[in-house]
Amino acid sequence: MNTIFSIRDVSVRFGGLTALDAFSMQVEEGAIHALIGPNGAGKSTVFNCISRFCQPVQGRIEFAGQSILDLPAHRIVGAGIARTFQNLEVLRRMTVLETVLVGLTSRVENYVPFWRSAKRSRAERGAVEQADAILVKTGLMPYRNARAGELDFGHQKMLDLARALAAGPRLLLLDEPAGGLRNREIAFVDRLLLDIARRQGITIVLIEHVMQLVMSVADRITVLSFGKKIAEGTPVEIRGDPRVIEAYLGSAGHA
Amino acid sequence: MFSLLLTQAIASGVVTGCVYALVALSLVIIYKSTDVVNFAGGELVMLGAYVGLLALTYFEVSYAVMFALAVIAVFTTGAIFERVVLGTIVGRRHSAHTELVPLVVATVGFGYLLKGLVRAVPYTEEVRRLPPLVSGPPIFIGEAILQRHDIAIIAVTVVVMAALTVFFNFTLTGKAMRATSQNGRAAALVGIPVKRMRMAAWGLASAIAGIAGILLAPKLLMTPDMGVVVMLAFAAAIIGGFTSLPGCVIGGIALGIVQNFVGILLSPQAIAVTPFFVIIVVLMLRPQGLFGEMIATKKV
Amino acid sequence: MYGELPTRSFILIAALLGLGIVLPLLLPEYFLYLGNMLMMYAVLAIGLDLLLGWSGQFAFAHIAFFGIGIYGTALLHTRLRIPFVIGMPVAAGLAGLTGWLLAIPSTRLRTVYLALATYAFAECAQWVFRTWDGVTGGSDGLRIKPPSVLGHVAGTDPAAFPVVAVVLCLMLVATLYLTRSNLGRHLCAIRDSEHVAAASGVDVKRVKIVAFALSAIYAGVAGGTYTLFQSFVNPDVLGVGQLILVLTMVVVGGPGSIIGVLLGVVLIGLLPEALRAAPRGLLVWQEFLYGLILMLAVMFMPRGLWGLIEAQLSVRRAPAKQAVSAAIGTSGPLDLKGTGR
């Protein structure tokens, strides 16, 4: 059990607002680590720092020995970290297959796009094969040529996940994977996450509000409130922690 | 001799700057309230002038009535455009992602429509002149000469700026408009009629553009292409930082003066390209202009 | 948007090429002139669409690059006797370089500021074309010597027609390959969500700049074809009006789709002709009509005319939404065995 991912003393400020205050978190390889907290606690800010969409004013973020903050946004996935998005920033006008092909970007070799070449044919064929394999495994094959914007919500979430998995990541950041799903769909996600982490050894950090999922799959939970970490531990420990309960009762939390 | 040239350059720069400022105010009010860049701003200016001309020559009303009619006409045109055209596009949005491009293209089309409409009316084939607000012998300011109409332009700009300040800070409608521009969804939750606010903002901004048209027209020969003044207004607004009202005035006056200096120091030919040059320089070096907010704010 | 070109595309392009050779023998000169104009506009419009429809960048500098293409090709031919087959690519390359340089500081600007900055650039360019009269002939314009392409002298509409057709076909083939490549997918991804694109490994800034430069090259090529059948150029054709025309073609036809853009080029390009043929006096309403069409198009046809047509065609083919929801219930636990990594 070694720490594969660590966030140390990261602070983020937007204008006068402190979104994250000296936040630290260590994640074990192959674990499912949940990040929870009331709305506005700063959870998405953590992900956005890792994705390099925002710049912390202090702190370090390291993955597999590499400093993440030194990399530009488009090199993060090459370093082994992929993420999904909460607000479903789906590639609306692209098809399901094309979306997964985009997810494969870091694994497709480059070629000159203006004419036919052996390199191009090879690269495209390989990419489509890989993409189709992922579509089969995520159950999206029937919608291969449908536009992402036309799928229903549950399938769009699945597509976002497929896109992230296509990159072959070692660390998967999931932003509210169960948000807005029905119970049967949540159970599906539950099994899926366990499969990804246990059988494939992919480390997962997830932001989630749906407590039933968090309590069921998480090995470890970190709780954020107003940009500060207020508790950390196993699901059992967190469930009974009075500080956590108070943080949630103070705002409109889910049960 | 040079100091005379200088004072004249500054004085007339202030005057033209005020016209740019008024049009810039129009652009910024629309941008702040509805997030749209109005590429038809210049045509609204032109419309004000032509409606005024129409009222004077066909209906032979007094100047004051003409002024009021023209302003009302442009107000209405802008408000209707917002409600009918932009409202349709905005209502169609089915993703959280704002589709700005169709909105801006719509304003481009609107500008063309207005220009084409005015040009197609046979009356406008001849180039016309609108009478000034105030006539009479010119006034001396130091060594510089200004027409009475020019003084009137400055006065009107001051009045408009003061009125807007009062409106946005002390009246209920004005405050509601500000709330809508800062956070549309929250404003709707609090009971502010967002659609009506957008319409009102467009109407107000268009009216100001119309006023600018009536003030500008006497200084040049009116043509349906008058709307090109909008690029100067854009430059003024960008200098001020596209989200600041006082910035418009400062930006406008600065631009007016700079233009005159360019004409004196470089060449008259260079005057035409000055606003575009200014736009590029400001946007590349300091996109938020003098007083603009950093462009990161996201609305809920 | 992946894989190889369908044979269908090659057949259509070959047909276009065939028409290019055959039509000059059949049609009167005026129709050939129209044809040349439409083909030139097609290259311009597809280039603009690359920026607007494919990568979602709202940039107005296109017309400046068109000018570079025209003046560049013409001057290289007239002053330095460089033949068209070399001069046009050089001029287009110059346009692309300018586009690339402009893009570097511009791509970080938000939508509307980008529009304003590029529009200002286009106006500055037009001013330069007007004032630098030693080189460009200024407002008086520049006479264009008829270029010869591999021995064949263009210059008249029938003579230029096949050459313009060849250029268009080459550009179409390149575009088709481009849209089916990973670069094409990156452009679309950026348009739909820059965040998702970046998180998937797309270098957003670099791709935006590449799109800009490519778009400028298309405009430069279009400028080159202008010199094939026009004997004169002056800066007046390089203004806002021209840009709005091309914008209308893209928006009305169908942004993001080659067929859509071509459709738009034909419809809007022939509009002045239709007005000329209509009852006397309608031509003066041209501007008004363009404005009206633009407004109506964005209000009711967000994906252009072709988007409407496509939607009608696919209504018959799409799976019902019910099937989508039912499937999620029946799929079993996810079997990810053997996922290669």
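Each chain gets a letter, A, B and C, in the order it is written, and its residues are counted from 1.
Convention: a contact is a pair of C-beta atoms (placed from the backbone, for glycine too) under 8 Å apart; a residue touches a chain by one contact, two chains touch by 3 or more.
This is a predicted model, so every value here is computed, not measured.
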Maximum centroid distance from subunit C, chain identifier (CA atoms): A
Closest chain to the centre of mass proxy, which here is the mean CA position: C
Rounded Å distance, subunit A centre to subunit C centre (Cα mean): 38
Gap in Å, rounded to a whole number, between the CA centres of subunit C and subunit B: 33
Intercentroid distance (Cα basis), subunit B paired with subunit A, Å: 47
Shared-contact residues (touching 2 or more other chains) in subunit C: 193
Residues within subunit A bordering two or more other chains: 89, 92
Set of subunit B residues in contact with two or more other chains: 97
Touching residues on subunit B, where the partner in the complex is subunit C: 31, 37, 85, 88-89, 92, 97, 99-106, 108-117, 119-120, 231, 234, 238, 242, 269, 272-273, 275-277, 279-280, 283-284, 287, 295
Residues of subunit C touching subunit A in the complex: 1-5, 173-174, 177-178, 180-186, 188-189, 191-193, 195-204, 256, 318-319, 321, 323-325, 327-329, 331, 333-337, 339-341
Residue ranges of subunit A in contact with subunit C within the complex: 51-53, 72-78, 82-83, 85, 89-95, 97-98, 101-103, 105-106, 108, 110-111, 113-116, 120-121, 123-125, 127-128, 130, 133-134, 137-139, 142-143, 146, 150-152, 154-155, 163-165, 167-168, 184-185, 188, 191-192, 195-196, 199-200
Residue ranges of subunit C touching subunit B (in the complex, touch as defined): 52, 56, 58, 105-106, 109-113, 115-117, 120-121, 123-124, 127, 131, 193, 244, 247, 251, 284-295, 297-300, 302
